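Take a look at the structure below.
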Amino acid sequence: MNSLAEFFSFADPNIRYVVLGSVLLTASSAIVGTFTFLNKRSLIGDAIAHAVLPGICLGFIVAGTKNPLVLIVGAFITGWLSLIVVEYINRKTRIKEDTAIGLVLSVFFGIGILMLTVIQKSGNASQSGLDHFLFGKAAALVGSDLFAFLIVALILLVVVYVLFKEFALMAFDKAYAKSIGYPVRALELILTSLIVLAVVIGIQAVGVVLMAAILITPAAAARFWTDKIVVMVLLASAFGAFSGLTGAYISFVAPAMPTGPWIVIVISMIAFISFFLAPKRGVVYRLIRQNNIRQTINNENVLKVLYQLGEENKNFFIHRHLDEIIRRRKYEKSTLQSILRRLLNQGYVEQTGNLWSLTEEGKNKAQRVVKIHRLWELYLTTYMKIAPDHVHEDAETIEHLLTPELEAELEKQLGYAKLDPHQTKIPYQHE
Amino acid sequence: MNDFYIILTASLVASSCALLGCFLILRRMAMVGDAISHAVLPGIVLAFLFSGSRDSVTMLIGAGLIGVFTTFLIEFFHKKARLQTDAAIGVTFTWLFAVGVVLISIFAGKVDLDQDCVLYGEIAYVPLDVIISPAGANLGPKAIYVMGFVLTVIIIFIVTGYKELFLTTFDPAYASAIGISTSLWHYLLMSAVSVTTVSSFESVGAILVVALLIAPAATAYLLTDNFKWMLALACTAGVLASLTGYYFAVWLDGSIAGAIAAMSGIIFGLAMVFSPTHGLFFKKLRQVAH
Amino acid sequence: MAPETNVPALEVHDLTVAFDRKPVLWNIDLVIPQGKIVGIVGPNGAGKSTLIKSIMGLLPLSSGYTKLFDQSLNDVRNKISYVPQRESVDWDFPASVMDVVLMGRYSRLGLFKRPRKADRDVALDCLRKVGMEAFANRQISQLSGGQQQRTFLARALAQQADVYFMDEPFAGVDAATEKTIITLLRTMAQSGKTVIVVHHDLQSVTNYFDWVIMLNTRLIASGPTAETFTQENLQETYGGKLTLLADVGDLIRRENFPQREKRI
């Protein structure tokens, strides 16, 4: 763990530059990327990332050196141009948007590669490092780069901070933003300029192909944890910063490892973890929740059987054998036993030897389920004109689902009816 | 002779890509094609590691599977994790590409691939890797045999499944209604795209594959309203881009792949302006005449 | 091989269909006899298109089942034809009218076989029936809305089916096309075909349809138009929706409730 201590002491100025640079790039790209993601234009970032390459080469040809300012201006021009071309093709011809994006992306990049190879063959000594834009070279960041990054990151942060409300509304409902007099077109221009700016500095860390990832993957991950846009932006930038830091650390420990791809792998892992494990939206969460619901349904169905048997005997608390339940409703014996054991823990049934009976609480719970079942059957026949012999199946689902509010509403709408469509008594709690 | 070999290889790649590209752009899956062409990288590296050579069948199968896996993953994120499609595409292919680059770094000693080659290929070296017959005769570059084989497979695929591909592209709902499996043809098409991408990777790189998948098909789409003509015109546009691109690159002394991509864009631009039916120039002319 | 005439063309049992788990059709139960022109009416979002899509097997059923000529869909697919909504496809697609109508023959051709002269003759004949024979070689991007609809109709006819499901064939077409279509539907019904049409315009219901299905998430009524298309049923179909039902639907989606088991 020596390397860990050494890394985080930041004693080495090189480490400082690389870490600070990576974190700045990833965090600020993630913030801007959140809005691209919410505008459902994730792949636009990809297109811009590819399209800045000819601009960078152009900047180099014009300036003759790797002057960061000129390169950024060049990148800015072709980045913007690519967007205009995509929009023009999409509007003026019958080519669809995805085709236009793919077309512009690959053609601009092809032109960039062509220019790059021509520059390299021309033997200009100071051209070395231009190909860093292709794959990124976070590990080779130096002090002057950092200064440029800092300024760009600052611009991004300030503009997003000032126009946060406007950007948020535009992402949510552009038509409404227009109707209340927002300068939508101008705001779009600003947001797009921010994306271009983020891309221009970002590709120096991760390269052209992977740029799309540090724009949108943090946002996609953050989306799974929150519904609030402010929280989402903060989370996305935190995810981005963490991946930047980790990427820098990995290439510090293993110098042969490229920083950019590791940043992307880390952020992708965060995204995958989010997709699966985030509460409420995650895949696993939803599976667990469904399993819980299934358990509840099983529990309530067993209680219901005990209740219905009790109705027949006019005594709800008779001790019964498993077979008696199974005769009413098919279960594997082992399944039924585990359901009953769960109900025992929850205090809804009691066990004496190998006989089972409802508790007072169990009887009340079962009674509610039976009541809703019969009320729903009545609702379907009365309001939906469904034949009485067709309503059972539906009621089997609804009985486990209804909230107390909807239950009360149902009782009210049916006037606290006494009998269900099969002329069976509907049991109410107060009786 | 070398000129000829390079142009022939590029034309073979361009034709395979153009044919598949027609289906991709009409299905609005251009960006899925882009994603596959990047995402097959880890498959190529792994297949390389296991089989120890570049042009084995393992490579085709392994990387082809990765391509299908990519489409599957995109759909999984979209349907199961409810991520919007564009983001699902972006997240998936960047991740797989990053994994590929890292694998190249890890196995740098064992894998004869480098990052530049991944992006823009080494088509200039195609004539160097030739097949020598047992008798010692030079049978021509290996890439030509590989790409010729791939193109043949794709033509057979499209000719035999023409009806089904056509219908599932135009009207998937009707196709399912008459009992044609849309997902089967979807995955078959994606496999074809993967195989093409993988086999052309080495000679032309990821970006040119994307350019050749999309640009010639888009060009043809602006020139005709007949699907069979569209297939033919797309191939023509692709071959034309290869031819002009090669000489353009020679003239500038730059990347051949880059120049072919650039030319395919220029050809598209020409079609966009001067297409007799859908071109902006003639549309304007007709407007003025009215 | 004409189906026996006493078997109903369509039976729907307890059909429930959910989008994102929220039911959009609840417990639909109905039977349609053969040889009728049937209109499905109801307000927007009532599930009209959903009903025919789920019968055609394009949407998964949450519960219930459907039968056509007393058989399952897969056994009689050849006899069933479907006309999707006109807007559901991209009319910029590079295809001619003939190409589209020939698609109607695909289910008979099977895999790998190409359409032959006989198939072209059938297609041309169907185009004649919808008054489009002059347009056979026209590109579909050049058609008017009414012509697009006729092309789709010709494609369905080319399938030579016994039951036709049509999703809003009268939407956005000119008066001449509407007349051509309804005349055609009547001829089809007379020769024993069953045509089931999603319809929007209440004015023409009594004039066009022998049988009407009134739908609003639930089935309000299904029967001969004269008896079924009453003021009372209309009131119920287009009057306010059942809020409790809508609330329960939302609840099912929010709670991620498992789908009910399918009963066969």
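So that you can tell them apart, the chains are marked A, B and C in the order they are listed, and the count of residues begins at 1 in each.
Convention: contacts are C-beta pairs under 8 Å (C-beta built on N, C-alpha and C of every residue); 3 or more make two chains touch, one makes a residue touch a chain.
On a predicted model such as this, the values are computed, not experimentally measured, just so you know.
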Chain whose Cα mean lies nearest the overall Cα mean: A
Reference subunit A; chain at largest CA-centroid distance: C
Chain centre separation (subunit B, subunit C; CA means) in Å: 39
Inter-chain centre distance, subunit A versus subunit C - centres from mean C-alpha coordinates, in Å: 37
CA centroid of subunit A to CA centroid of subunit B, Å: 31
Set of subunit B residues in contact with two or more other chains: 221
Contacts with two or more other chains, residues of subunit A listed in rising order: 94
Subunit C, residues touching no fewer than two other chains: none
Contacting residues of subunit C [partner subunit A, same complex]: 14, 16, 26-27, 29, 63, 92, 218-221, 242, 244-245, 247-248, 251-252, 255-258, 260, 263
Parts of subunit B lying in touch with subunit A, wherever the complex brings them together: 25, 28-31, 33-34, 38, 77, 80-84, 86-87, 89-91, 94-95, 97-99, 101-102, 105-106, 108, 115-116, 119-120, 206-208, 210-211, 213-215, 217-218, 221-222, 249, 252-255, 257-262, 264-265, 268, 272, 278, 280
In the complex with subunit C, residue positions of subunit B that touch it: 26, 160-164, 166-167, 169-171, 173-174, 176-180, 221, 224-227, 229-230
Partner subunit B, residues of subunit C touching it in the complex: 53, 56-58, 74, 77, 80-82, 84, 88-90, 93-96, 99-100, 103, 106-107, 109, 111-115, 139-142, 155, 159
Subunit A to subunit C touching residues, read off their complex: 94, 286, 289-290, 293-294, 297, 379-380, 383-387, 390-391, 393-394, 396-398, 401-403, 406, 409-410, 413
